Amino acid sequence: MSEARSAIFARLRAGLARPPGSEAEAAAEVARRLAEPRPGPIPARARVAGEERVALFTRMAESVGAEVRRLPEPSAIRPAILDVLRRHNLPARIVRAADPLLDAARLEAEPLLEVRTGVPEEPDPVGLTVALAGIAETGTLLLASASARPTLLAFLPETSIVVLPTAAVVGSYEEAWAGLRGRPGFPPRSVNLITGPSRTGDIPPSIELGAHGPRRLFVLLVDSAALPGR
Amino acid sequence: MPEQPRVALFVTCLVDLFRPAIGLAAAELLEAAGCRVEVPEPQVCCGQPAFNSGDRATTEDLARQTIPALESYDYVVAPSGSCAGMLRVHFPELFDSDPGWKRRAEAVAAKSFELVAFLVDVLGFTDVPGRLEARVTYHDSCSGLRELGIKAQPRKLLGRVAGLELVEMSRPEVCCGFGGTFCVKYPEISTRMVDDKLADAEATGAELLLAGDLGCLLNMAGRAARKGSRLAVRHVAEILAGRLEEPPIAAPREKG
Amino acid sequence: MEPTSLAFRERAAAALEDPVLRTALSRLESGWQQGRARAVAALPEFELLRDAAVAIKDHVLAHLDFYLDIFERRFREAGGVVHWARDAAEARAIALEICRKAGAKTVTKSKSMVAEEIGLNAFLEANGLRVVETDLGEYIVQLAGEVPSHLVGPAVHMTRERIAELFARHHGGPPKQGSAELVAEARRVLRRRYLEAEVGITGANFLVAETGSIVTVTNEGNAELTQGLPRVHLVITGIEKVVPTVEDAFTLLRLLARSATGQEFAGYTTFLTGPARPDERDGPREMHLILLDNGRSAMVGGRFREMLRCIRCGACMNHCPVYLAAGGHAYGWVYVGPMGAVLTPQFAGLERTWTLPHASTFCGRCQEVCPVRIPLPELMRLWREEAHRRHLPPPTARYGLAAWAFLARRPALYRLATRLAVRGLGLLGRRRGRFSRLPLAAGWTATRDFPAPAGVTFHELWKARQRNRA
């Protein structure tokens, strides 16, 4: 126990000046609160379901500069990616996560694409990964790190493509987080809530994209995909 | 509510010294609304200058001097949002460690009101005698707005003044830069703030700028006069009471 | 960094004449002020969220010792190392030690106000390290050798031309014209630094006790690259940042971006729980956290405890007419605007900073927009009381107040004195109706006329009126 720590705690306790005998009750209150995490007020906007929810997610994500596409099934991922790369004149080199949904896209079979699985390095131009949830409230993606899903895939390359099962779109952040509980290794080391591409307003007069994180963000919603694997 | 409420007019030190006509206008409005108005002694000052300068001791002394003068009345009314705010919000806070005085301060606070809020919210009185053909704009003094929620009431009453057209500034709620001693301690900032406020008021095309606090009005009128602005400045009570014998604040006595 | 807050008035006066600053500050008003208003209007639950946020913060602060203890345990269970620092010097020493142990030559940093508070950059640089700010605004300010002028946008006071000139000087090549080009250049240059750094230093917006997680919030994604690339991640933050659960963090996060810039949510909100797991292939191998006191523990349970609710959104300064007139540099230290006026005396001592809580009209707009309802004017007034007790403001103001107080306490004498003064001033001012000069009132009459009193006091008029009606 460090001297600094003891001194800080002593000062805290002196300042709080709890009445004698109330320590146990205070500890109990804290324990109670932590035992049952309860959400605060959740905006009504987040409480939509079904198609309305997917539409909200799409609208919110697009409003912050993400491009959202809806695909019927995993086999549509490959042509969608090729289309994105072609339209935006991007190099056909991708680093991807080792995720079953991306495996099902069979990108390696595409002669026009150079695909690697693993951790991106500079100057890999395109990163492809999967999100565990989409949050309709603000068009936010929830990504969680794992050995199969390096976090850097969504941050290092200039273009980020994120695949998301449509069934994984929820209303609120709380629902998305609740979906993580019960997975092995909870909580994940890194949980990223991503809302649009990287932006900065620090150089006037306009907001510019691609400050450090990706300049472009593409979201591929896949309808018939199962919820993301472990 | 008693038949004829006994109202203590807390006239405020600025009105007492620099524009007593506002006090008379306030009394006339209260009487027109059916109140019996008295001006109890001793009233000197609500204590804001000391309070905002950090002189807590003087503030408490003045409160202890003021509370007894006011506590026997049905209501206490002040033609100033900041002074009414002092009575209503801050007096009780002064006596957290003195239960006896705190009780008395809370009692006075509960029956203290700013003039226009009292007329509208407490008496439901809107039959103001004033009439004036003019285009006016209204500045929301900070204490009145944020401590006492005064926003709709003056506009409601001004709407009852025959001939009057009210045009809103783009930023009526932004501080005018008075802030008590702030305006003399940080005059450059204060002057910029009042210039912005006057520009906003002039842009409405109004000939008359109104507010409910004489501190704000002295600040705005003083700067307007220095700049040779066309704007005339008055307290809202003067318009509502139709008491326009006095020239506008800081206006030259001789025209020209 | 030594505070220069005593020069607030002079600096503010100079700032008012600076056309570049005026343009920059007016952009804050039209951008972030209006942004917040739009965001609030679009969220019916905003007031409910504010109430919930206040409850969360007050609960934590009343149990801060318990929550810090639990947070520390969970953070360590996740593989992190916790360091406690009583003051700036201790925090700096710990940071240097961690960098030394990591064999660091280059350190990247994402925005941390606490790092500014303790003067970390200068200290590390004096000890042979290269420190590179990655938040674009902080990077620009670093190149210019300046300090941030705003909590959220550190370089708001700069023009694009100045930034282009700075980049040209430090990066080489001709000055670029457009903001897109400049951002691309910064991205390129900073990308190299990210990859070189052995240690990445971040702040933390929140610390979650339930999971032992830290939360970072950026729009640029620089926090994720700062902590995600080097071998060692160092977090430095204040002890007041703890919240109980992730759900509590979400409540506060719903308020943060909306209050700061009017965005619904920030671009990148990241919850980090420990260093890379054994089977992970990216991420830092070590994660350290320095928890700084530096005067915060003294606030808990005291008169200024509500200030500890602050979530560093910057809404108060975006709406403060004094900040929008004076700009951030006038405040002379790390924290600016209304929140700076309350925190700076606490952290840097009232003797050198008493001007800040005095530079306010108490208009109350800051409290109105604060997402956690901090009673900022009231706290500034408490500092004024302390300054009055210690005789810090100049004697002339004190004597003036004392003279007025002497009279005010003696109503009969006050009546007499004011009657005479008003009579005299009324006579003097009768012709013009106003004074352009008044002794002892130069602060007023330099730029304003003073209306001449009517010549009688209200009390005299009232007595006459009542006599006539009787």
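Letters A, B and C mark the chains in the order given here, with residues in each chain numbered from 1 onward.
Everything that follows uses one rule, which is that contacts are C-beta pairs under 8 Å (C-beta built on N, C-alpha and C of every residue); 3 or more make two chains touch, one makes a residue touch a chain.
Here the structure is a predicted model, which is why all the values come from computation and not from measurement.
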Problem - Arrangement of touching chains [line / ring / star / complete / other] - result: line
Exercise for the section: By the contact definition above, name the pair with the higher C-beta contact count: B-C or A-C. Expected result: A-C
Exercise for the section: Starting from the Cα centroid of subunit B, hunt down the chain whose centroid lies farthest away. Expected result: A
Problem - Mean-CA-position distance for subunit B and subunit A (Å) - result: 54
Problem - Intercentroid distance (Cα basis), subunit C paired with subunit B, Å - result: 32
Completion exercise
Rounded to the nearest Å, the gap separating the Cα centres of subunit A and subunit C is 30
Handout entry: subunit A-facing residues of subunit C, complex
Key = 24, 27, 31, 43-45, 48-49, 52-53, 56, 59, 62-70, 78, 83-86, 90, 134-137, 140, 153-155, 158-160, 163, 179-180, 182-184, 186-187, 190-191, 194-195, 209-211, 213, 219-222, 224-225, 228-229, 239, 244-248, 250-251, 253-254, 261, 263-277, 279-283, 291, 293, 297-302
Exercise for the section: Within their complex, state which residues of subunit A touch subunit C. Expected result: 2, 4-5, 7-9, 11-17, 26-27, 29-30, 33-34, 37-45, 60, 64, 118-119, 122, 137-138, 140, 145-147, 150-152, 155-156, 172-174, 177, 185, 187-206, 208, 210-214
Practice task
Spell out the residues on subunit B that touch subunit C in their complex, using ranges where they run on.
Solution key: 11, 15-21, 23-24, 27, 39, 41-45, 47, 49-56, 58, 61-62, 65, 142-143, 145-147, 173-175, 177-194, 218-219, 221-223, 225-226, 246-247, 249-254
Handout entry: subunit B-facing residues of subunit C, complex
Key = 9, 12-13, 16, 321-322, 325-326, 358-365, 367-368, 381, 383-389, 393, 397, 401, 404-405, 408-409, 411-412, 414, 418, 421-422, 430-434, 436, 441, 443-444, 446-451, 453-454, 456-459, 461-462, 465
